[in-house]
Amino acid sequence: MQPKFFQEFIESLKRFGTIYGPVRRNGVLKYDRVESVDEIELDGERPMIPVKKLFHPMKFNMFQFDKDGFTPDYSSIEKKVIVGVPPCEIHSLLRLDEVFMEQPVDPYYAKQRENSAIIGYSCLPGDDCFCKSTGTDIVEEGFDLFFVNLGEFYLVWVGSSLGHDMVLEREDYFDENVTHEDIEDYIEWRQARDKMFKVSFDFKSMPDIMELSYGSPIWDYFAGKCLSCGQCSMVCPTCNCYTVTDVLDVSSEPEGRRERFWDSCMFVDYSLVAGGHNFRGARADRLKLWYTHKMKAFANEYGKPACIGCGRCVRTCPVDINVLTVAEALTKMEVPAQ
Amino acid sequence: MTVCNHEDNNPFQPEAARIVRQHDLIKDHRFFQVRFVDMKRAMSFTYNPGQFVMLSIPGVGEAPFSISSTPSRPGILEMGIRRTGKLTEALFTKRDNDIIYMRGPYGNGFNLDQMRNKDIIIVAGGLGVIPLRSILYYVLDNRDQFGRLFFLYGARTPEEMLFRTEFFELKERHDIECLYTVDKATSEWSEDVGVVTKLFAKLPEIDPHQTNAVICGPPVMYKYVIQELLKLELPKNQIQMTLERRMKCGVGKCGHCALDHIYTCIDGPVFTYWDTLHFRELI
Amino acid sequence: MTKTQKIEIEPLARVEGHGGIKVEIKNNEIKDVQVKILEGPRLFETLAIGKTPAEDLSLVPRICAICNLSHKYASLRALEKALDIHVPEVTQTYRQLMHHGEMLESHSLHLYFLALPDFFGYDNAVAMAEKYGDVVMKALALKKFGNKIMRLMGGRMIHGENPVLGGFGKLPNRETLLELKEEALTHLDFAMETIDILASLEVPDYPERETQFICLKPPHDEYDYYGDILLASDGKEYPLEDYKKVIIERTVSHSFAKRSAYNERPFTVGAIARVLNIGDRLKGKAKEARDKLLNERWHRNPIYNNFAQAIEQVFSLEDVIRIVDELVDKAHPEIVNAARDSGTGTGGVEAPRGTLIHHYTIENGVTVDADYITPTAMFLDDIEAFIRKSGENLLAKNEMDGIELKLEMVARAYDPCISCSAHLVSVDIE
Amino acid sequence: MSGGNITKPKPRVGIYGLTGCAGDQLLLIHCEDELLDIFNAFDIRSFVMASSNPIEEDMDVALVEGSVSTEEQKKHLMDIRKRAKILVAIGNCATVGGVQAMYAQDGTFKDRMKKVYGDMKFITEPMEGQPLDAFVTVDYYLPGCPISAKQALPLLSRLLHGAPPEPFPHPVCHECKLQENKCLLLDKKFCLGPLTQGGCGAVCPSHGLPCVGCWGPHSDANFKEHITLLESFGMTKDEVIRRIRNFGGHKILAYIKDL
């Protein structure tokens, strides 16, 4: 497809749902409802909060309750077309599927998934990206359409029957004949892209290293630094933890809502049980859980690590605790130089 | 464009349940008999010993509670609840016929298949007897499916012994060996005095490979009870225990009870001793 | 035989903070009047010392919640003078918008919820809602509008950190500004309706006595709530920096708070002082409102402060509309940095209840001296004087029934905010 | 919902202010949308900031704002405690002592009193602002300077239904990230978010401004590391600690005593 058609094509997708994509709000790039198609920012930085927020919202009402009991509240579910999702984040959704779509299915997540179309978009690695190491730099499933920006033209992969319907919407914009030259352009682009990665590490050995360094003093070093601010969990595309609370209306009637919002295993009350026993009172134990989960546990369970190499923890942690520094410290068995 | 489908199966949906009867067990511990209001649901509701349910009070919240009754006596669900948090505080203000909300059952429950036709040692400490009461009656109700049954229960004082009358009545039966102990006795106490591990000396000879143990009690208890069971040479995977963790959803979504790659709420709360060696944070 | 009667109104309800009035009557004569402040000391001037100007700016709104933005604003004006910061006109206009939020919020709260129940004979506004539901609901909406502007410009309803040295952390976008204008237009009708309600009310004459009024003179020809010149009702003007020579503070033996005098006599500040001193500058509907309500008794009767607030509500709503028109197509100004790190500055704004002055001396980026004079500290002496007068008049006419409420009404008319009397001195009472 | 259809009597409430800016009481008055509901659902016996003729008897819930700053206030607080089944400390002054307690236990209070007031004799002995729990048992805390409606209303409605209120035991950063703000620490701004009790909705960082810590210290904060981080932005440790203490009152002392 010619780049000049891109915006018009996206505009035509409104028929399939509200358009969402990376747009700048108050100086920060966010996945948000798109007011006009030309405000979508592609080809640059990644939104700080990942696309998971459109499927596993930061905060929403699970139920409304009154004297007759609980009624599910699905008002947060909306038909969406999400534009500009990079490969790593498409992988992150597939990881979240493993948790939320497993029986019993989380109906809130499932309904968001069912009602959302994903228009993937190619990216070039930023300074902190290491998706090549996590095997999430390319994507073969999990999208309806995927645009690869080859400069002169977009190579468009169709990933679903819905994606096909979308193409049919503006059939004249697309050229079905992929020439040999096009393929060469694409391969060249892939090779150039592969060379752009600045950081990498060996993920394959991480489960073993994690297992063997359970008692390592490295954890105490990181625990000493960790601010327990929870930002790593909020920005991580595969963190799925949430908590639930009941909020009553100011009224004599027992009416209100059951709210669900993002939580983090970095917070002190995360493993606190009624009666006061805290299974993870120590900061080191909380950090260990997070990294074990990202680099080992998920792999044990689902065959792939929960880290998708997006580099958000690298960009976000104010005290440089992230997948790269922790993996390096555990691998070398030495703490990072100050 | 809001999409709403009423015909869904929402696993978080709390359903109305009636408190059929409730009474105090000991101070701050109360016994609840609960039944789903929807009779069809009440009658079809079944579970494994060792499983738990999530109880809700609208506006207060939701929390997990072990089931203390046996599925062999269907219709009514029993729970022993200690006043210890916000939800239990509110639960203790409820009276007979009040409505609460319930969903479940959750968790794996005890591995009954592994236990069938074998001898069983139940070891309970304090409040830990609540989930074990479920398997205790399950075995008694299906007596022909199991071998010998030993029930070891330790409480701090005779007053703090839960289900005391009931459990002393069990002593009359010949198909179960009941051994009770308290840390601190009163004058009328005729049973043992001391920690629960002391009771192991009273057990007859057992065949470790033909025996299963189930444990529940305060965190400190596990280590010492396991030592005793290992002395008896029970295989590590024939020692089952039920563990506590913070659970919010009960269905492996919210993450709070995560341990390594498992969720206590779906992979537990019953684990074998071997599991605890494997997943270091379990106990 | 001497007969001593004590009237104690404690606590003084429906004022912001804790106060009480004590009137001692002996032999049918008023012996003593004390407006007591039961608040404990907070020593704000000493808290400001040793801090950076930015920290002071975040501390001072905590002097008083209800005029927190006035404190922020006065502090900004003082600190920016000290640090030689000159904000562009657009920033100044945004500050005026912010201040209108506080005026609307504070005036509507006081007028409808604290003062009007007295006129209609209720304990509180919620009780009043049964009969005057429409007024209460519209008043709530107006107060909410004031709060909305405060939240928008201040960062939150109370103690927002958004106004910073040299500008604002975040400014509203075009749509939000236009929304404010729309909403201001809808409240204007109710603000004018209020003028008519007040015009029909009987204002009691028992407190009447001559007094003097002080307010700030705006630096332009319009009505406004800020300035660098103190303007007194005797026509004299003084540079704000000389405030210590004009407003003489003293501690007195029968009161909790420091007291102030001008020409060695008590004086009044607040909406009534502004409308009397600079009200001839009002235009549009606000002028209409002033023409309807103003009469020569205002000079002698502080209960008219409630009326003055009603006029200012109209002015503020109209000015919000003017400001939106002025700002809507202007680019957001940058934050201006300090040009120096030492200096002295005095800043003044008209808080809802009167002139508020902040003064700082900064050395090497750290505050070494701070002084605050709040409107409540300025007018407490005059409240006492008016209560004494009221007591004398009521006594003379032998109208002792419900005297507590009548005296309370006088104190309440000033809209005193006792926690903002930064200087809390308590004194021996025999 | 509960057994029978007995109409429960409305909970009797008293709302009191000790030493402070009255911002927490004012915030309740500012809940325009809920104010009438509050007055309908509760039996508000005493709220002198909003209503005349208080009834000072036994009550179900007392909300108390402000620090204890005079002997007389101490007596008043103890009287409130005696009459109230549940006592809630509302606002920074009541929960930690307020800004007036930023020099808590430094021994400068007498000198500072003298600086402002000279040699005055006081009818009631003044003291450095103390949080309520220095004198009485506090059942629940609503932190904030001032409190937020988002926390206050759920607390009130829970008390209304006899349900225990839930604290928000997370730092400001939690809500800050949920507002999709870029972390100000990455720009080396003096932000106290990680040290500060959350619940405010991260308003200041959402305006691009650093958290000043007005919700008081967060019990799980890593003070040592955060102070080191702030020092690395070019500030002395003393200066960092001075700023941390602005809103930390008495409660912050325990967290910084060994640093």
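Letters A, B, C and D mark the chains in the order given here, with residues in each chain numbered from 1 onward.
Note that a residue touches a chain if its C-beta (ideal position, glycine included) is under 8 Å from a C-beta of that chain, and two chains touch if they have at least 3 such contacts.
On a predicted model such as this, the values are computed, not experimentally measured, just so you know.
Engineer: Need the most distant chain from chain B, centre defined as the mean of C-alpha atoms.
Structural biologist: With centres defined by C-alpha atoms, farthest from chain B sits C.
Engineer: Please identify the chain lying most centrally, where each chain is represented by the average of its Cα atoms.
Structural biologist: Chain closest to the assembly's C-alpha mean: D.
Engineer: I want to compare two interfaces, C-D and B-D. Which one has more contacting C-beta pairs?
Structural biologist: By number of C-beta pairs in contact, C-D is the larger.
Engineer: So the centre of each chain is just the mean of its C-alpha atoms; given that, what is the distance between chain C and chain D in Å?
Structural biologist: 25
Engineer: Where the centres are mean C-alpha positions, what is the separation of chain A from chain B, in Å?
Structural biologist: For chain A versus chain B, the centre distance works out to 38 Å.
Engineer: How many angstrom lie between the centres of chain A and chain C, each centre taken as the mean Cα position?
Structural biologist: Roughly 52 Å, centre to centre.
Engineer: For chain B, what residues touch not just one other chain but two or more?
Structural biologist: 58-61, 86
Engineer: Return the residues of chain C touching two or more other chains; collapse runs of consecutive numbers into ranges.
Structural biologist: 170
Engineer: Check each residue of chain D and list the ones that touch at least two other chains.
Structural biologist: 1, 157-158, 161, 163, 166, 208
Engineer: Could you list each pair of chains that touch one another?
Structural biologist: Pairs flagged as touching, ordered by label: A-B, A-D, B-D, C-D.
Engineer: So in the complex, the part of chain A that touches chain B is made up of which residues?
Structural biologist: 17-18, 62-63, 65-66, 69-70, 72, 74-75, 77-79, 99-100, 102, 104-107, 111, 115, 214, 240-248, 254, 256, 258, 263, 265, 270-275, 277, 279, 285, 289, 292-293, 296-298, 300-301
Engineer: Okay, in this complex, where on chain D does chain A touch?
Structural biologist: 1, 8, 10, 34, 37-38, 40-41, 153-154, 156-158, 160-161, 163, 166, 169-171, 173-174, 177-178, 180-183, 185-186, 193-194, 208, 219-222, 224-226, 229
Engineer: Can you list the chain B residues touching chain A in their complex?
Structural biologist: 1-5, 8-16, 56, 58-63, 82, 84-88, 101, 219, 244-246, 248-249, 251-256, 258-262, 280-281
Engineer: What residues on chain D touch chain C, complex-wise?
Structural biologist: Residue list for chain D touching chain C: 17-24, 26-27, 29-30, 32-33, 35-36, 39, 48-54, 67-70, 72-73, 98-100, 102-103, 108-109, 112-113, 115-118, 120-124, 126-127, 129, 145-146, 148, 200, 203-204, 206-209, 212, 214, 242-243, 246.
Engineer: Touching residues of chain B toward chain D in the complex: what are they?
Structural biologist: So the residues of chain B touching chain D come out as 57-61, 86, 89-90, 93-99.
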